[in-house]
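My questions will all concern the structure given below.
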Amino acid sequence: MSAREPALGSRIAARLSGGLVQFVLVVVGLFWLMPTVGLLLSSLRAPGDIAESGWWTVFTAPAQLTWENYQGVLEDGAITGSLLSTVAITVPATVLVIVIGSLAGYAFAWLEFPGRDWWFVLVVALLAVPVQVALVPVSELFGWVGLFETTAGVVLFHVAFGLPFAVFLMRNFFAQIPKELMEAARLDGAGEVRLFTRVVLPLGGPAIASLGIFQFLWVWNDMLVALVFADSDSPPVTVALQQQVRQFGNNIDILAPGAFLSMIIPLAVFFAFQRQFVSGLMSGAVK
Amino acid sequence: MLAAAAALTLSACGGSGGDGGKDDDAPKAKGPNLKGQTVSVAAVWSGPEKDAFRKVLDAFEESTGAKVTLVPAQDPIIGFLESKVAGGGQPDVAMLPQVGAIEQAVANGWAKPLGKGAEEALTTNYSKGWADLGSVDGTPYGVYFKAANKSLVWYNTAVFENAGVEEPKTWDEFLKAAQTVFDSGVTPVSVAGADGWTLTDWFENVYLSQAGPEKYDQLAKHEIKWTDASVTKALETLADLFGNKDFLAGGQSGALQTEFPASVTQTFTGGDQPKAGMVFEGDFVSINIGQTDAEIGTDAKVFPFPAVGENSPAVVGGDAAVALKDSKGAQALLTFLAGPESAEIWAKEGGFLSPNKAVDTAAYPNDVQRDIAEALIAAGDDIRFDMSDQAPQAFGGTPGKGEWKALQDFLKNPKDVAGTQKALERAAAAAYKE
Amino acid sequence: MADGTKTGPAAAPPAPARRRRRWTPVLFLLPALVLLGALVVYPIGYSVVRSVLDKAGESFVGVDNYVTLFTDDSIRTALANNLIWVALAPTVATALGLVFAVLTERVRWGTAFKLVVFMPMAISMLASGIIFRLVYEQDPDRGVANAAWVAVHDTFNESSAFPKAHPGPKSPLEKSEGGSFTTREPARAGEPVLLPLVGVAPDKMPEDAAPAAEAKADPGKVTGTAWQDFTRGGGGTPSVVDPEELGYPGIRVEAVKDGKVVAETRAGPDGTFALPAEADGAQLRFPADNFREPYNGVDWLGPSLVTLSVISAYVWMWAGFAMVLIAAGLAGVPRELMEAARIDGANEWQVFRRITVPMLAPVLGVVLVTLMINVLKIFDLIVVIAPGSSRDDANVLAVQLYDSAFGDRDLGVASAIAVLLFLLVMPVMVTNVRRLRKEARR
């Protein structure tokens, strides 16, 4: 009998604290959303309004909302053009890292060669190298071979710095393929190339998805690498916007819609593939 | 290449004469044929300045058939170019906003001397003072396409009328006017403390007027130290204004977060109650006024920087076009920029001042700008180039460093004159050493 | 067959195939190794060598560039800020992530919450920077952070109607302690006084302000007028109630004798006031609360707070990362253990402290270390959020490296910073290598 009462009491307490938890989470959630909502609403207000009042006035005076800024950005073409540059960098950088990373991952998982594990460890160790270390030497190097200020240069740089993680992820994934499967294929007379393309790659789907999402977001969102290496005639969107930041208040009618446009695709990718994104995180995908 | 450039010069000179010449087909500049060539130009301009410059480049494209790309650069432009030159990706032409930057570009071996055509255009159209500013050791490298008169104070006429204040002529009158404007219920002065260059301009105007041109030149070359008594005096004078929280829009801390464009717009928006009554800076302020509803000449007027010493100061700045590649397109563009048509295109857009004598002042959009432009040409060689722009970039032209930073700290704490001087001297010593 | 496969793929292939196979690994690895060698490994060596050469790269200067790291003011600020970053950002993000992960477990819509907090990870640092520049706008009318802050502040402190008001040129008033203004001479009953102030524009006067009037003499009272002694457009006479000038309605007037308030009142719409006879011979004072300026909020991006403000933006971006990893770890904590503890009478806090956190320790460690490395490379956020005037105060090594390399063009110092950054991540690399080798051996 005495055992029941505390149980009841704690259940009430749990119910109460459950309500409290819900309340706290709602408040925190709104708090977390607010900055982004602020950007979105600011992008839908005329620059004159932005200079005079906050975005929250939209709730009391929704008439001020306007597409003006977006029209301006689309007509001007500089930001939309830079979005295309971003795509032109991101897509090849993602595809290449998958291809090259899978090749190397396969070699580390299934091919025999001297010092294999050492090489693998060495490659993975490079995961922690900060990109900053490479800015100066690589700009010189790219200068010599004519890759400076080219899309190809930016792509290669991103691929190189994406490789340690790619190799790590793909090797670990491929290593889980049942040995029997590989042996069977080898006995059937499949060469390594055939084995790779017909057996291993198709099985690598989930890992490739994780890797792809990560590299995609990383390259799309990069500013520093592009700032140094990208063709300044057609910079990607991050650099194009950064140039406007110098006069923040003056250029807010470009910055707010531009920033929002630049977020749409990564956010879409993120929401569509969150599971792969999380599993990438789990395997240590953060640079 | 030379022949083509010379042809351009000839027609450029021809176009400088007449009033009706602009719509006339005959003397219209017809540049060398550069069809299929690309010329890239780097400039730090953004917003309306960029748009106006684009129009100038469009005219060049039209007359030559070349394609010109405008590369947006970051401050400091020398650093930006460094990152590009390292990879051989430098633009054909860069618009360098500092004398020091030209010297550095020459010292680094990036700059190419003016070709014959451009040099001829330069000597025909520019006074010796301006030509010298673009030369290093006697060799001409730069064409000053755009000049700035940095000794102007713009004011909101409604504020002055409501306060019953006249345009002040001296520093004391200026402070008195500020007090009266404050008494009338408006904060008198808008200072763009977030942009360090506006603070260096404040100092230079006070210093040039108070210590005189000789000292000014010495300090610019770092022949006297920043701990000199003349600097103490100038900073103390400046502290009359910066030290009075009530005189600055937003107080000192608010001023430090005010960027230049905002410093102008907040002076000319808000009807009878703008955030400030006056804003100091060059002729280019008019561009930012253009973004408000205020009309230059009626709502917004200008007076020369008040005389601290005997004379009002005349501090100027400018952007020089310098070739970084030995290309035909680069030289043709320089020649074009040294001629009057190019300048007249931007002059029409406003916010522009040309040091080019041949420019028809009718091109300026209003009397205020015409007066500023004519005063600049008339000042001849009595002008002094912006001191911070003559200094090594690390001292005079880098956000968050050197003189910019020291003067921002001074604005934060205007009592600490000695500390400011020490910081200035330390930064200068390091930067000039190299 | 199982026995036959034991020796792996190398089991006795025909001779030409074996030769081919020897080259196969090379072909598979070549693209990766070339890229990594040229763009990741070579730069490390280059930086080490370049860091002991001078600015131009011509002569050997030993450790001079490294000495510069610790003597140059900007770089020292960068080092100090990096310390703050590394100490603060990962811990706060991890702590928040832990709290969120534990709380969301008890809520049915936890996934939705997680998505909201996790979402900023998909946004670029640049866009986040722009987002937070808007949040941190100084003007409380525009920046949401200051709007909220000022709203809270103003519920406790009212601002007054006459912020910038102050005595004009020939005023009988002078500044007294705490921002109040007091008359020099004592006031007499029956002799009306004029207390001119200036500095409030007509449009900013309270709505009930009426044209100022001179107070009537009353032998039993101390009377006077408080008004805006400034005629629009100039032309008014100082210390005279000119026709267009407005009274200061509601301004508080105190009569002070020997530091004690003996009487007080408020002025009417025309600025006139009357104090009882006790005020005779007292000095008149406008207390400071008449002039309290509207609170303008916090300088989020000023020199002293800018680093903390940028760190907050970073936490906004990365708390979701910590939360998701910790939530995954939490899923692996055996429920029975918690239930058992609860049955033993442990409360929620004790369960959290004694069971959840220790069980999560490995995950927390990974999250912390990952964030620390990440924080060392922070660049975009600072460049975008910090305004020019506090850019130097927000400096960190990664930004300094860029400035040194592409601003000052001092590749020696830039390389020294690169080497320093590399050394800072070195311990993590070593641990990674150790762990991997252990796994490989297993």
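By written order: A, B and C. Residues from 1 in each chain.
The definition used in the following text is that a residue touches a chain if its C-beta (ideal position, glycine included) is under 8 Å from a C-beta of that chain, and two chains touch if they have at least 3 such contacts.
All values reported here derive from a predicted model rather than from experimental measurement.
Engineer: For the chain pair with the highest number of C-beta contact pairs, give its two chain identifiers.
Structural biologist: More C-beta pairs are in contact between A-C than between any other chains.
Engineer: Taking all protein C-alpha atoms shown, work out their mean, then name the chain whose own C-alpha mean is nearest to it.
Structural biologist: Per-chain C-alpha centroids ranked by distance to the global centroid put C first.
Engineer: Measuring centre to centre, with centres taken as mean CA positions, what chain is farthest from chain A?
Structural biologist: B
Engineer: Provide the C-alpha centroid distance between chain A and chain C, rounded to the nearest whole angstrom.
Structural biologist: 25
Engineer: So, what's the distance in Å between the C-alpha centres of chain B and chain A?
Structural biologist: That gives a centre separation of 41 Å.
Engineer: Measuring centre to centre with CA averages, how many angstrom lie between chain B and chain C?
Structural biologist: 34
Engineer: Spell out, as numbers or ranges, the residues of chain A touching 2 or more other chains.
Structural biologist: 51-52, 228, 248
Engineer: Check each residue of chain C and list the ones that touch at least two other chains.
Structural biologist: Residues 387, 405-406.
Engineer: Any chance you could list the residues of chain B touching two or more other chains?
Structural biologist: In chain B, 83, 259 touch at least two other chains.
Engineer: Quick one: which bits of chain C touch chain B in the complex? Just the residue numbers, please.
Structural biologist: Its residues touching chain B are 55, 74, 138, 164, 166, 168, 198-204, 228, 230-235, 296, 299, 301-303, 387-392, 395, 403, 405-409.
Engineer: Of all residues in chain B, which touch chain A in the complex?
Structural biologist: 40, 42, 46-47, 69, 71-75, 83-84, 86-89, 91, 259-262, 265, 269, 288, 291
Engineer: Give every residue of chain A touching chain B within the complex, in rising order.
Structural biologist: It is residues 51-52, 139-140, 142-143, 146-149, 228-229, 231-233, 235, 240, 243-244, 246-251 of chain A that touch chain B.
Engineer: Can you list the residues on chain B that touch chain C in the complex?
Structural biologist: 76, 78-80, 82-83, 161-165, 180, 182-187, 193-196, 246, 250, 253-254, 256-257, 259, 272-273, 394, 398-401, 404-405, 408, 412, 434
Engineer: Any idea which chain A residues touch chain C in the complex?
Structural biologist: For chain A paired with chain C, touching residues are 17-18, 21-22, 24-25, 28-29, 32-36, 38-39, 42, 50-56, 100-101, 103-104, 106-107, 110-113, 116-117, 119-121, 123-138, 141, 156-157, 159-161, 163-164, 167, 179-180, 182-183, 186, 192, 196, 217, 220-224, 228, 238, 241-242, 245, 248, 252, 255-256, 259-260, 262-263, 266-267, 269-271, 274, 278, 281-282, 284, 286-287.
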